[in-house]
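Chain IDs A, B, C, D, E and F follow the sequence of writing; residue 1 opens each chain.
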Amino acid sequence: MRENAIRKLWAEGKPALIGWLGIPSSVSAELMAREGWDCICLDMQHGAIDYADALPMLQAISTTDATPMIRLEGSDPARIGKLLDAGAYGVICPMINTAAEAAAFLRACHYGPKGNRSIGPLRAALYAGADYVKHANETILALPMIETREALANLEEILSVPGLEAIYVGPSDLAASMGYSSGFDPEFPEVYEAILHIAARCRHHGVVAGIHVGSVDYGQRMIAAGYRLLAYRSDFRLLQWISSRALAAMRRGAPDPAVP
Amino acid sequence: MRENAIRKLWAEGKPALIGWLGIPSSVSAELMAREGWDCICLDMQHGAIDYADALPMLQAISTTDATPMIRLEGSDPARIGKLLDAGAYGVICPMINTAAEAAAFLRACHYGPKGNRSIGPLRAALYAGADYVKHANETILALPMIETREALANLEEILSVPGLEAIYVGPSDLAASMGYSSGFDPEFPEVYEAILHIAARCRHHGVVAGIHVGSVDYGQRMIAAGYRLLAYRSDFRLLQWISSRALAAMRRGAPDPAVP
Amino acid sequence: MRENAIRKLWAEGKPALIGWLGIPSSVSAELMAREGWDCICLDMQHGAIDYADALPMLQAISTTDATPMIRLEGSDPARIGKLLDAGAYGVICPMINTAAEAAAFLRACHYGPKGNRSIGPLRAALYAGADYVKHANETILALPMIETREALANLEEILSVPGLEAIYVGPSDLAASMGYSSGFDPEFPEVYEAILHIAARCRHHGVVAGIHVGSVDYGQRMIAAGYRLLAYRSDFRLLQWISSRALAAMRRGAPDPAVP
Amino acid sequence: MRENAIRKLWAEGKPALIGWLGIPSSVSAELMAREGWDCICLDMQHGAIDYADALPMLQAISTTDATPMIRLEGSDPARIGKLLDAGAYGVICPMINTAAEAAAFLRACHYGPKGNRSIGPLRAALYAGADYVKHANETILALPMIETREALANLEEILSVPGLEAIYVGPSDLAASMGYSSGFDPEFPEVYEAILHIAARCRHHGVVAGIHVGSVDYGQRMIAAGYRLLAYRSDFRLLQWISSRALAAMRRGAPDPAVP
Amino acid sequence: MRENAIRKLWAEGKPALIGWLGIPSSVSAELMAREGWDCICLDMQHGAIDYADALPMLQAISTTDATPMIRLEGSDPARIGKLLDAGAYGVICPMINTAAEAAAFLRACHYGPKGNRSIGPLRAALYAGADYVKHANETILALPMIETREALANLEEILSVPGLEAIYVGPSDLAASMGYSSGFDPEFPEVYEAILHIAARCRHHGVVAGIHVGSVDYGQRMIAAGYRLLAYRSDFRLLQWISSRALAAMRRGAPDPAVP
Amino acid sequence: MRENAIRKLWAEGKPALIGWLGIPSSVSAELMAREGWDCICLDMQHGAIDYADALPMLQAISTTDATPMIRLEGSDPARIGKLLDAGAYGVICPMINTAAEAAAFLRACHYGPKGNRSIGPLRAALYAGADYVKHANETILALPMIETREALANLEEILSVPGLEAIYVGPSDLAASMGYSSGFDPEFPEVYEAILHIAARCRHHGVVAGIHVGSVDYGQRMIAAGYRLLAYRSDFRLLQWISSRALAAMRRGAPDPAVP
């Protein structure tokens, strides 16, 4: 079975960098994958991507070595199985608040006896190889999101769920849940402390921690704090930023954003 | 009939700035249109956009005031009519090398007696208004591309075609056609002179000149030279640039491309 | 944030009229929106519309001032969030039978602390404006459907759910649930009484009542009864009706249905 | 091979009635086909339908006995072949102005030795039967459009093209080409006379005449004049009409357009 | 209402043969339906088919007499209703392990008072006829899948659920659930015995049993054991098999797989 | 630039085997590419594939080493450029009957000075590499089809066109054009002789000959005759064959087609 490049980076202690996709197009997906991100994640929660878009996007990503991931809009086991059958090597699941939810999510991502995923890979076996069913459980990554005050309160129990290998922090929802304004890279002390705390507890439990960031500076701090899976904005947000600056530059002679 | 914002800018002597689309998605199209570009052009020649993609993209653009344009892959009158019926307010047509080709292209873009476009707007009348057929000829812009040595040689004849209002220069193909390497913003003296020459001859003939550029600096020089319609790279190229820099910054701590 | 036109009409005591869509096409969606309906609702339950269809349809509607709504096929919070992120300003949710279900539905439609919707608007912020997250809770409308005998029995509790602003009656399912035949505009006394009763209790609770009708006459009676949100058939049913009559007229010389 | 129902009606001297489609959806296509129109025509010229839409629409129509037709946006033989391979039983081709153009169009619609269509039916053989290649030439209908003053001038030559079986009149373009305003059902004497003249000359040449109308009254007059293939508006125009009237009725209590 | 051909075959004691689809294309769907399979099942669980694909595939199947079925990815009642409204005549639901789950699934497939499906057929009424709502309950087939050790343990209770007419065995998941390796046509004695046992118990309860097989030999044994609904691999697996053999034959002169 | 695997096989004197696609799905495309065919050709002429389908199919093929090709429905240079920009490495063009047509086709496939293709690869540069423009002319294969009596008559002139590297024979159309019935693998002596003659003349001119076959036996004879590019039926025809045999076997106990 084709290996999961993220696991290899983690084994070497290196962070894996995610190219994050919200635009439902296999063209922008292939463009992003070609840039060399370690993995590419289709955001099916806040991105505009549904299954019918995700399938060709996963194929487009598979023209490169980038590991294909999805962030689902929920935790429906049927939908998780369907996206894994389409070839995703990692699943990020939002709003996991308890150990029971985390355990149910892990079961949905794995074949028996570890889980209860139904057997029948289709595209997954084309992408990964004929021995997919045999090795899927040790290849697929299942990442519950820690993004609420409730999840924080249940952190020890969640991190103790047998088989849990990694989690993913959603700082914007976490800040909002803690009573602060949402947005990238929260600096509110209570939230920032919580984010560092999560990394520390993950290290203690032997669980890899990932996080979504909105700037390189914040990202570097998170790597220093121990995070090993990082997404930086998204294709949508990057295009929005550069387009806005390019227009301003053309309109008013401001510095060209694409000529450093 | 809804007015063509480009004409208004030109009447005020101002350049119109094009947001150029190669990614076949109505989501990136709406994103670009919201940024405030004066017009948005769907590149159906070198972009990955076909009619079935173009239709919802034109609708997405129509949620804003940006004028919708298309660059077709050829000059087939049937296809021109079909895209105009879908609501395009401007058509850029590649590889027009002679006055006869320019005249035929203009006829395809206009209703009789000026042209031979078949009558039957569908979405066009939803977008523009019920009086579309009456005012389409004075609203729609038809821009032949000047992008070969042959077109240069025939420039006076092309610019003298009755009813011609504007042309669009393709510098990359033009440079290649003149024996130089292709690419954005050619600085080869012979090519650069030709580009300035086209602007000058357009001014003489009362024809507006447009051009595609790859940097703000080149764009500013072209505006100074008289160009009044400018596209800067494309969504595809902008995303490619920012994604590449963002990855490098995250990977190696280079400066954050999206924090000026 | 762009305002919700329905709220404005309600503030003026006027009924809002819904153009109801079952055909999965952005072309018929734009056509309907252009006609001037106050809002346009994508029926994702009984219409043939899925997320991949809904996205360009919501964009097509956004070319007009009609408020975009969806009727979902269920009450999955993940799916509600995904459609709201796509730009829907109102959500109609079928088969809400208890106050607990109504409360859960309201939570899914709103950001914290009012609800538990995850933050990350994408197209929603393009459509509504950059301050979407701040004002979404007071802009988005969440309408549970009252369409079973069980919901009738629980009506007081449902109408007392904190934050409930409006409900939507499904007369056909309601009639069937009460033991009568399904169909538009039920006149069975027990059902008709129930429909009037719902309007009266809504008025008492300060909740706006909406309803789906199959004729103008029934609609006028419902407006008189206090209903302030009305859908009349659907694009599918209207096309079916006029096509049937047009064919009969052409075939047998019956009166032209489109020449009053 | 499945027979062409239009030919059967013509053999009985009866007019065939076309349900005309401009909305690119297989759902509205199936709805229209179920109503009982003798044939259903996909308008790929002024409708918003491209090949990728046409294929499932042709399949949807094939769930009924309605004969599937297309009106192409031009006369490209490659495109004609591709749509015939997709299962169209009739092709209406716009803007045929000379006998040479008519003859070229007929050749594109037929296999050798009658024409030069390339052999390789795919869906066509699923729909029509395994003997498709053998009987296609006597089943497929090829209808050049007569819709310009030039075509009128060349009418005798066009109607004399060997193998020509039927033509289709486009009254709106014809009126415009003759210097009058475009629109359904022209009553300008010169245009009206021309339309009657075409029918008369068709009868003389043993060619069936078809025409597009905008009202039942005009349609009845055309049948009386000898026309044997008639389309009445389109799904788009019918939906627009009924939606407009339905909204007015709901808004202002005008008569219900769908309750005669 | 159009009858369900599977019921007719069962009434005659004959097995119904399913053409199983995993490729999301209306072209392969129509191809398979034309071959003469008694019914065609869209696999929305392990196939690559979502709602937006399923709709035109159901239409393509409806050009033939093959009964349209779906195998869903889960048991969400909202999704079941949506696919039934799209015209499916049978629903196979995976991972039904208890009588309560089976009963809930049956309710989702039927209108009241038998079930709680919401009324509003759209395409279903086009396909089946205007009396769809009246006869749907006695036409639609609902088949829970028996594919886990838990379901086996609960077999008597499941088969005793009122209104249950048929079940479908998933041998691969069943084998895995019992501790054996997954795959077509399990011969492990314990699993094989279980499969025979299910058939026997179904006969006892007057429930029809269906099963998915990977070879004709196994299929014949299952028919002998009493199974009356059989799928043989899938379009995906069949194409994979023949393509592999065709390539080997072309490459190395092995026997032509398509010339018996 | 990524090399063209077909050229490498030819350099070694080996035949290249084409997996031929008519089903418009990226899933069947990836399945076929995974089987190990040397190249995969999208049939956009007689297959049901349009640009919007071709793009994700080309991406799906690019997950493997199979060289991507297209067979276009015509010879429109604009369309050729658009498909090459989408990443096709080979173009087969139907109905080339004269040296002038062949030369025009070659020009459309190549950048200047060899041809007149417009510069602007998009996905092509993602797939092939950043030096695409520099090496495209020596990588892309342009194959005119020899499939009419007229082309046979002009064979020497066609094979003498400067820059011609390969041709592709369409035996079915060729047989029909010569007055025989169409179909795979013609054995009519006159046609068979012509096919051998083409191979011989190709060898003389240093041109590689390709051909479409319907059986391994015919294919082996063609390889012996010198053909070095061979397609065997198509995904559509292979699926049709195996599905038909599988159904017969299940129905009547005939031998299992997928168990040799």
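The definition used in the following text is that contacts are C-beta pairs under 8 Å (C-beta built on N, C-alpha and C of every residue); 3 or more make two chains touch, one makes a residue touch a chain.
Computed from a predicted model, the values in this text were never measured in an experiment.
Any chain touching subunit B that also touches subunit E appears here: A, C, D, F. Taking the options C-E, C-D or E-F in turn, the interface that duplicates B-D in more than half of its contact pairs by residue number is C-E.
Summary of the copy comparison: rotating subunit C onto subunit D for the best CA superposition needs 180 degrees, to the nearest 5.
The most distant chain from subunit C, with centres taken as the mean of CA atoms, is F. Look at the CA centroids: the one farthest from the centroid of subunit E belongs to B. Although subunit C and subunit E carry the same sequence, what matters here is overlap: shared residue numbers make up under half of all numbers found at their interface.
Centre-to-centre spacing of subunit A and subunit C amounts to 35 Å, using the average Cα coordinate of each chain.
One inter-chain figure worth recording: subunit C and subunit F are separated by 52 Å, centre to centre, where each centre is the mean of the chain's CA atoms. Averaging Cα coordinates per chain places subunit D and subunit E 41 Å apart.
For subunit D, residues that reach two or more other chains under the stated contact definition are 22, 24, 27, 31, 48, 50, 52, 55, 76, 122-123, 236.
Pairwise chain contacts present here: A-B, A-C, A-E, A-F, B-C, B-D, B-F, C-D, C-E, D-E, D-F, E-F [touch as defined]. On the side of subunit B, the complex with subunit D involves touching residues 50-52, 55, 76-79, 81-82, 85-86, 111-113, 116, 118-123, 133.
Residues 17, 19, 22-25, 27-28, 31-32, 35-37, 48, 215-217, 219-220, 230, 232-233, 235-236, 238-247, 249-251, 253-260 of subunit A touch subunit B in their complex. Those residues of subunit C that touch subunit E in the complex are listed here as 22, 24, 44-48, 50, 52-53, 72-76, 94-95, 147, 170, 172-173, 176-177, 179, 182, 236.
Residues 26-27, 30-31, 34, 55-56, 59-60, 62-63, 122-123, 126-127 of subunit B touch subunit C in their complex.
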